[in-house]
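Take this structure first; my questions come after.
A, B, C and D are the chain letters, set down in written order, and residue numbers restart from 1 in every chain.
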Amino acid sequence: MITEADVEQYLTSLSNWGRWGPDDRLGTLNLITDEVRVAAASQIRSGRTLSLSRDIDPEAPDALGSGIALVQRFTGLHEVADHFDGKALRFDAVTEYVGISAHGSNTHVDGLAHYSWEGKNYNGFPESDTTSRFGAKSLSVHHAEAGFVTRGVLLDIAALHEVPWLERGHAVTPEELEAAEERQGVRVRPGDALLVHTGNVAAILTDGPDAVGPGARQAGLHASCLPYLCERDVAVLGNDGVQDAQPSGFGLDFLRPIHTVGLVALGLWLIDNMQLTELAKVCQEERRWEFLFAALPWRMVGATSSASNPVAVF
Amino acid sequence: MITEADVEQYLTSLSNWGRWGPDDRLGTLNLITDEVRVAAASQIRSGRTLSLSRDIDPEAPDALGSGIALVQRFTGLHEVADHFDGKALRFDAVTEYVGISAHGSNTHVDGLAHYSWEGKNYNGFPESDTTSRFGAKSLSVHHAEAGFVTRGVLLDIAALHEVPWLERGHAVTPEELEAAEERQGVRVRPGDALLVHTGNVAAILTDGPDAVGPGARQAGLHASCLPYLCERDVAVLGNDGVQDAQPSGFGLDFLRPIHTVGLVALGLWLIDNMQLTELAKVCQEERRWEFLFAALPWRMVGATSSASNPVAVF
Amino acid sequence: MITEADVEQYLTSLSNWGRWGPDDRLGTLNLITDEVRVAAASQIRSGRTLSLSRDIDPEAPDALGSGIALVQRFTGLHEVADHFDGKALRFDAVTEYVGISAHGSNTHVDGLAHYSWEGKNYNGFPESDTTSRFGAKSLSVHHAEAGFVTRGVLLDIAALHEVPWLERGHAVTPEELEAAEERQGVRVRPGDALLVHTGNVAAILTDGPDAVGPGARQAGLHASCLPYLCERDVAVLGNDGVQDAQPSGFGLDFLRPIHTVGLVALGLWLIDNMQLTELAKVCQEERRWEFLFAALPWRMVGATSSASNPVAVF
Amino acid sequence: MITEADVEQYLTSLSNWGRWGPDDRLGTLNLITDEVRVAAASQIRSGRTLSLSRDIDPEAPDALGSGIALVQRFTGLHEVADHFDGKALRFDAVTEYVGISAHGSNTHVDGLAHYSWEGKNYNGFPESDTTSRFGAKSLSVHHAEAGFVTRGVLLDIAALHEVPWLERGHAVTPEELEAAEERQGVRVRPGDALLVHTGNVAAILTDGPDAVGPGARQAGLHASCLPYLCERDVAVLGNDGVQDAQPSGFGLDFLRPIHTVGLVALGLWLIDNMQLTELAKVCQEERRWEFLFAALPWRMVGATSSASNPVAVF
């Protein structure tokens, strides 16, 4: 059993700071090389494709009870007449203003500026580089312009335990990740998008959140998975939850160690609150747990998040 | 030379209404079959990848002068302390609320509810299905959950004329599309994402917009390209502009015939204001104008737009 | 007992259309003449002043459960450094972007464009004058630039019944209004701001809403008060609720007859969801139920609402 | 001529910290006593009333070129049908979401949390009391719930110089304030709302801003007026500009000394960018420069600003 001191040590021992140069802003996305993409393309065999996102719905902006998610849509009707002094033309157009706080319930990418530790972001960029006016100046999501196109691997921990979802608070261990690899006949390798199916989102959507806000119990990864993520050189970590098992088993400074160590030390891009239920079913049907994975964060300057619709292509 | 009556006739003669059933909400995305995706995967050879979007920047929300584009980002600093009664922890988090009117200057997908003709959207859905409260109820972009993963083809009309960009107002004809096919040794086929490079965005970014709002002259497709788009069964049309040459050469009812006939009759998904300059250069270097194309609209219920970062993988 | 046909008849019989000219946009505010203001000034005797608004709080945007109220505040920290390239100066500034949907729970003015009947607003302006782009073109709240500065009269119906609040759904009759006048020794006259204390808001804040949305039972005025409001030439009607007793006792077309007949036929400005508990107490202490009333809607072009902080000065 | 050291000294010598208790959040509003309000009421003689605000217009959100003002209005059409499953009723309702950054061009109240000096706000509250999540926790504008109802005095400096507006950059001195008092036969006294007419807003609206952002030259008060404001115990300072003459004549730390010393040391509430042109004309016509002044900031918890429509009643 690791201690809080071990987790703190990970911030140093697992660090990728400097690995891709002192000015690197991409972190583990450097692992998605051209070769990795070519190899990933060979995963496309049947063309079967499915979305790994849930709907983003202004009528249910915070379905998982994060307490911070927000979705708004203001629709502009009859825009054509409005542009032509009220003159009715035969065609018409609709527009909208959409507002979103993607962190929280909705399926979203976490950029590297999202978390800091003692005033530092990934690669040593100071937290103070993020300001109200300019947002994240050094580690904005728009740097990830080539997107995440790589091999995806699903490790189905719920299936490993033969349940539709793990219990709230279940903390997945590296041993479980390895057991799932063995059961599925797959091995996570550098540059992969690793998706971990716990069934957590399905559980919340079925039975409701345990609580609203950071006190809710959720299935997720235990901090002891961090060396695995580092050794395997995972490029993107996705999860049907907030990555971290909640509670984490540690004090408040390590409320979310996968976030803190992952984003800050490893420079690991995260995708929270994915919808993996259907994917797990399809993998089982297809008897394979690897596929082409694509997620394309928007090029929003200064943002730490991107609501995203990742897809798997078999 | 076609007349306005011809364009109006296209609304009927080129119509895909009913082709994929009376309740179809996907239009030309039906053309991206599993087989099309498998064939598209074979385009990945070197793994070289590039973004086809411009930055979305709150400091320059309407760089092309559309008059309607809007980008806002409100950053939440020190969110961790705020959640724990001001108690300073060793980690910290940044969040944001982002607001966007994607229609206009920014690279974005146009969903099928964006345009209507005489009160009808694609497949006969009434324009009145779109309301202030619920947005686009019938033809929301979130239906396109599998995204656009298909073969991309760039037809480089600027290169055909050996210029970096076509003149403002240049209206690309179907003959030019075919000449570009011949010059490049490629042929657009069903399910393709067809990208047309006019250099229009580069011209505006270099020399400024001609005017703010719908009166600006822009290079784009002439309405006579519509039969070509229909016959070739293009699934997605992308452009470094607003698709339509402006002025269109017709009256106000056909201010934007590619939009009107494309979205309403063909059910053709559009991607406006792409950044194709770099792509054109890479295609020339690689001596091939086809690649895997991926764009993944978000699953925003009720929206007619999605700011997107499409990519090309060679 | 009046019938639905009677209420419909009020739309004609109580109409102020044309009374102040065919282009009038102020409705009953015309009744606040200079003389009315001079008389109102004489109400100020002790100078005791109190707010008649509740807090507008992003942490509790919809405390009354209207289902539509929204309050957001995005704070900009360290704006000075952001303006001077990060250079730390000795002074600093905070700004904010505030977003509000005032209709619903918060204390707000209803402008005359808020409601229409069969396509017409007050004075015959067409409902279609209100558009997505321009908002309320004809009857925007910004026309009320002189504000509401007049005599205020509180009629305390809860006190008439010797209760802190009337039962949910209690529909105040004109007889009760007159009984309150008699009990209090006051008479409502032309140009007055009439405030009706039912205790409804206090009841909801204490016991919670009956339901979220328009199905909730609330104390308020019965439609039969409309002739009273018209005959007395009330300029502004305020209430610790949504004016209308809910349910109204009529069909859906007359879900809110005080709103519909008041705004459309009388041109009567409304202030919903006021905080009148303290005012009722002070009136009782002071043994007078009249005072200078001031509410100053903002000059927001095209809006139908204004979150407001009305005050009473004794 | 005062020096920068003198201005810095004002932060101490003119300080009202502690004057109204260690927890006071109202500053100079404490000077608007009941007696002051009773005396102010006697100013109402003719009832003539006028607005001292400019329109707040989404079509011209930053008419003065502040670079930070923002006004948005998203209108909800046909809200009734949307609430009743599309069923058309005979009445209809319009709502809106309005978003505003009031600091900048629009007429607005500056609350005491807007400015800080070396980490401290008025009365010693730490600047860090203002956070992204909660806004201004200690010195929010909602504390000013009784509003500003007091005697207003206009000192017309433009008229003193017999011009419609002072030159850009003109810095009004205390001698000019006193000369205007003498010319007008009025004397500013404790609890007054002092309005200073420079014509600055009229000049900008006529000839355009000098520049966008803090570099623009503007007429306003010179820092040497601060002792006058303190000695006279002004409760509210209003201006057709940003209060401060720009440039201020001092270094960047004292870019806006009226703001910094006024808000932080005196606890003086400010109203920026008022429309005083009409008021100056009316005062001249009425041959009196005092009136009842009313401004009613909204009760927005955590805000440092309130778009406001102040009025003068003669």
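Some observations on this one:
We adopt the following convention: contacts are C-beta pairs under 8 Å (C-beta built on N, C-alpha and C of every residue); 3 or more make two chains touch, one makes a residue touch a chain.
Not measured: the values here are computed from a predicted model.
Both chain A and chain D are touched by B, C.
Set side by side, C-D and B-C show the greater C-beta contact count at C-D. Over half of the residue numbers found at the chain A and chain B interface occur in both copies, marking it as a same-residue contact.
With each centre defined as the average position of its C-alpha atoms, the distance from chain B to chain C rounds to 46 Å. Chain C and chain D have CA centres that are 26 Å apart.
Looking at chain C, one finds that residues 72, 74-77, 79, 83, 97, 131-132, 134 touch two or more other chains. The residues of chain B lying in touch with chain D in their complex are 75-79, 81-83, 86, 131-134.
Residue ranges on chain C touching chain D, taken from their complex, read 33-38, 40-42, 44-51, 53-59, 68, 70-75, 77, 79, 83-84, 87, 89-103, 107, 113-119, 127, 130-132, 134-136, 142, 145-147, 149, 213-214, 252-256, 259-260, 264, 292, 294-305, 307-311, 313.
Residues of chain B touching chain C in their complex: 72, 74, 76-77, 97, 132.
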